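Read through the structures below before going on.
What follows is a pair of complexes built around subunit A, which joins subunit B in one and subunit C in the other.
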Partner chain A sequence: MLFNSLIFIFFLPIVFFIYWFIVNKNIKGQNFFLIIASYFFYGWWDWRFLGLIFFSSIIDYFIGKRISEVDHRKSRNILLILSLVSNLGTLFLFKYYNFFVENFVSLFTSMGIELEGSTLQVILPIGISFYTFQTLSYTIDIYRKEIKPTKDLITFLAFVSFFPQLVAGPIERAGNLIPQFLKKRTFTYHDGAEGARLILWGFFKKVVIADNCAFFVNNIFDNYPDQSGSTLLLGVILFAFQVYGDFSGYSDIAIGTAKLFGIKLMENFKFPYFSTSITEFWRRWHISLSTWLRDYLYTPIVIQLRAWGMMGIIVSTILSFTIIGFWHGANWVYIVFGLFHGIIISYEILTTKQRKRWKKKVNKRLYFVLSLGLTMGFYLFTLILFRSNTLTDAIGYTQHLIDRSLFTLPMIIAPKYRMIYTLLLIIVFILLEWFNRNKDHVLDVANLPTFKRWGVYSLFILLIIVFGRFNNNDFIYFQF
Partner chain B sequence: MKLFLHKSILAIVVVVLLHMLLSFFADGYTDSVYEKVSSGKKKSLALGGSRMSQAIIPQVIDSILEKPENELYNFAFTNSHSGIGPVYLNAVKNKVLSKSTNGIFLVSVSPWGLSSYGNDNGDATVLREQNFGLAKLSNFSSSPNYEYLLNGYGYGWGNILLKKVEPPIISTVNEMGLGLDGKWSYVHNDGSLEIKTTNNDFSQINKKIQKQADDFINETKEKNYELSALRFSYLNEMITFLKGHGTVYLVRLPVHPKVFQYEISKYPSFNQMIEKISDTNSVKYINFAEDGAQYEFCDGNHLSRKGAKLFSIEIAKSLNRKQ
Partner chain C sequence: MEMTEVLAQINEIAKDVFDDENIVLAENTTANDVEDWDSITHVQLLFSVEKQFGIKFTSSEIAKFKNIGEIIACILAK
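Here is the complex of A and B:
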């Protein structure tokens, strides 16, 4: 089920009502009901994959329990490996198997050896990368003795399948979410209002900003050989707002929806487009993924390679970011996307002192603007990879972009007026984010007088009604 | 909780009322579908894709036909919405006045409307129209059509007003010489679709038509169109149904000569296939495909309003001769 679908408009109030007024007598009842609602939410897309979530949950529930019961290091290691194999094995099978087969066949064919690889005819279960990482972190945390396993299967199933964040995150940690499922939840007006504000802001980002940009982005990227350099530049800028509006919009709706149920999810975006370095960008973008990889991949590798000194840090960084890229999809474009980010972050690590010296010498504002410009320039360049279907397309797009026609006016494929109002909406969006960058989110208006507050709500509702697109466009991150 | 519920319910009620109000503004400007699924049931229909939607002006035909009481209505949509198949057949069955037996039905036959993207293997669930508005509808004749606005429209309903105010704004700004050109569609009360543009200089537009014809041809290649046995079986079923409600004519519309040459080369026996269907079902087949050079097009594929008026006169005369 999509947040921006008609069915969700009916689903949410019904679930809210049953949760607070019918099954509110005991915690187990509420958790059990959340599982039912979450499985219904997921099954609305394809019920056949419910078994996969259940299977993944059960495996980790029992392995987690067993790890905490045994003291013998070797047994604990075996159990952890079992969890890793079952989770990553499932992920590999559904997401990466065909990629590896096709690439091995191509590799051997290029060496003159004919191989026949059989690929699987399977569709990628929505959200598999998100809930797999979530359950993995549970067993790893138990293995590290950072958390204790839950003895309550219902709670654990609710933790894995909690519908607001099931299919596109934030990737929650057991240490944050499970304790919330174990205690009695109380509804507060503050949480409810804050949740509703986040949902409103998330919808604005998704259906007004992202989906209006998508209209042009699809046109430009699908026909890039016929476009001028300036049009291609516009295309990638619009894609930057599409992907941000789409994914951060989803996260806001997810966090807001969870608040309506008395659950606090972790922050996933913190105004990333105002970052002055790629390192800072990843502290603000998809925070739940970058911190997950920091804790479970980057830090362990750095520790393993500590004898290598700075070289160990650089290797860990490049490797971690390449894996972040690969996490997004079984395609070379994502691997190269991650690799580029890893290289740039390594450069930033190596030049930290140098850049601090520059910062002191140069005018602060100028330094900020230059850093912001360079960061966004690099980010936009890598977004070409992110949006392209193949590396060839990405190279072709870049070649067409860096052309004399880069210095001409962009050609607008669609009606100009539609482009004009899309650009105006983006400008408004940037200004709103800029002036509210120190708040939790843009619609954090709880302190405004009632009249002004409702004026703000009305304005955003009107913008959604007039400019929103509801073509049931999937969220981009569903495919990951 | 009480305060939160009171405020939420109030906000929801206001939003719902606002939407109900907005729905009453929906009309031919809303999109190329709404007017057609919100007009009442009809006795006579012109059926097909976007070529038909723009080519047939029922008011012009009714004024020439010897039986103007037929009140023809253009119920053609686009190649994506209304390829001949189960979805469109269901729409047509719901649109025809059930008691009427003496209507006329102009059914457009084109290779594209009778093709699928690739081989459909006789599986109706893979047909392209399953993803579009008509497939989600059970009601094709109520006004306002909430079912369509909720399931098929795809925009916030405020866009209904935006679509109404855009044309005069664009025209005014364009007349001021500020370079804001634009194009918009309007579905007339008779169901015919008119594409309007700020640039009505067809000498200019004609320069682009060759390229647009090429674009259309390339698009059909990319989509890998293949004639579909399934669609042909539904064409037969549609003819059988419509014959119960009046007289059926199969019509092949005029297309740009370049597109026509491509259609002949890709589907050399298409005409014979249609003639066979017309003979089998004892319905008349009128073929205008070779007459494209006589008409004005707004692109390489669709007649302009001026071209549509001329063609509607021509087809009305032809119907008078055939009746």
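Here is the complex of A and C:
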């Protein structure tokens, strides 16, 4: 079920009502009801993969429990490996198997050896990359003795399947979420209103900003050989706002919806487009993924490679970011996307001290604008990869972009009025983000007087009705 | 070795890692108190401390340190 679908408009109030007024007598009942609601939410998309979520949950529930019971180091290691193999194995089978088979076959073909490789007819179960990471972190945290396993299977199933964050995160840690499911939740007006504001803002970003951009982005990327350099530049800029509006919009709706149920999810975006380095960008973009990989991938690798000194840090960084890229999908474009980010972050690590010195010498505002521009420029360049279907397309797009026609006016794509209001809305969007960058989110208006507050709400509802696209556009991150 | 002595030596390492001559660490200093203390500089600091004192932290120790005091306690216990 999509957040931006008609069914969700019925689903949410019904679940909300039952949760707070019918099953509110005991915690277990509420959690059990959340599992049913969440499995229904997911099953609406494809009920066949419900078994996979259940399987992934059960495995980690029992392995987690067992790890805490045994003291013997070797047994603990075996249990951890079992969890890693079953989680990553499932992910591999559904998401990466075909990619590896096809690449092996073509590798051998290029060496003159004909291989017969059979690929699987599988579709990617939605959300698999998110919930396998979530269950994995549970087992690893128990292994590291950072948390204790939960003895309550109902709570654990609710933690894994909690519908606001099931299909595209934030990738929660058991240490944050499970304790919230174990205590009594009370509805407060403050949380309810804050949740509703986040949902409103998330919808604005998704159906107004992202989905309006999507129309032009698809048009430009699908016909890139016929476009001028400036149109291609505009295409990738529009894509930047599409992907940001889409994913951060989704996250805001998820965090807001969870708040309606008295659950606090982690922050996933912190105005990433105002970053002055790629390092900073990853601290503000998809925070739940970047911190996940920092804790479970980067840190363990860098500790192993500590004897190499700086070289170890660089290798760990590049490797971690390449894997972040690959996490997005079984396609070379994502691998190269991640690799480029890893290389730039390594450059930033190696020049930290030097850049600090430059910063002191140059005018502060100038340094800020330059850093912002360079960061954005690099980011846009890598977004071409992110949006392209193949590496060949990405190279082609870039070649057509770096052309004399870059210095012409971009082509206006029909319908003209739609292009104009999309660009105007983006400008309004950037300004709103800029002037509210020190707040939690743009619609953080709890302190305004009632009259003004409702003025703001009405305005955004109106903007959504007038400019929103309601053709059930999927969220981009659902495919990852 | 005395606690204050260890702290002073770590302070010298921190000046170099965070590239800040004015840095003053205390036992209750955490990563949030130092501007450039992130996941990269964190391991740089700890690896330099390991070299300086000729010790090795375990992976779980590195992941669990909450403040400078805990690092010092760990060094003194080795």
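In this section, the second predicted complex is superposed on the first by the 480 of 480 C-alpha atoms of A that agree within 3 Å, B and C clash if a C-alpha of one lies under 4 Å from a C-alpha of the other, contacts with A are read in each partner's own complex, and residues count from 1 in each chain.
Criterion: contacts are C-beta pairs under 8 Å (C-beta built on N, C-alpha and C of every residue); 3 or more make two chains touch, one makes a residue touch a chain.
Values in this document were obtained by computation on a predicted structure and should not be read as measured data.
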Overlay on subunit A: subunit C relative to subunit B, clash or fit: fit
First, second, both or neither for A:Lys270, with subunit B first and subunit C second: neither
Which of subunit B and subunit C A:Arg453 touches, first, second, both or neither: neither
Which of subunit B and subunit C A:Arg294 touches, first, second, both or neither: second
Contacts of A:Arg306 with subunit B and subunit C, given as first, second, both or neither: second
Subunit B versus subunit C as contact partner of A:Arg355, first or second or both or neither: neither
Angle, in degrees and to the nearest 10, that opens at subunit A between the C-alpha centres of subunit B and subunit C: 170
Contacts of A:Arg284 with subunit B and subunit C, given as first, second, both or neither: neither
Contacts of A:Phe467 with subunit B and subunit C, given as first, second, both or neither: first
Partner chain(s) touched by A:Lys148 [first = subunit B, second = subunit C, both, neither]: neither
Smallest separation of CA atoms, subunit C relative to subunit B, angstrom: 37
Partner subunit C, residues of subunit A touching it in the complex: 144-146, 279, 283, 294-295, 298-300, 302-303, 306, 309, 313, 317, 349, 352-353, 356
Interface residues, subunit A side, partner subunit B - complex: 6, 20, 187, 189, 192-193, 196, 207, 415-417, 420, 457, 461-462, 464-472
Subunit A partner contacts - residues on subunit C that touch it in the complex: 19, 36, 38-40, 43-44, 47, 50, 59-60, 62-64
Complex contact set, residues of subunit B against subunit A: 1, 3-4, 7-8, 11, 15, 18-19, 22, 150-151, 153-159, 161-162, 166, 169-170, 180-184
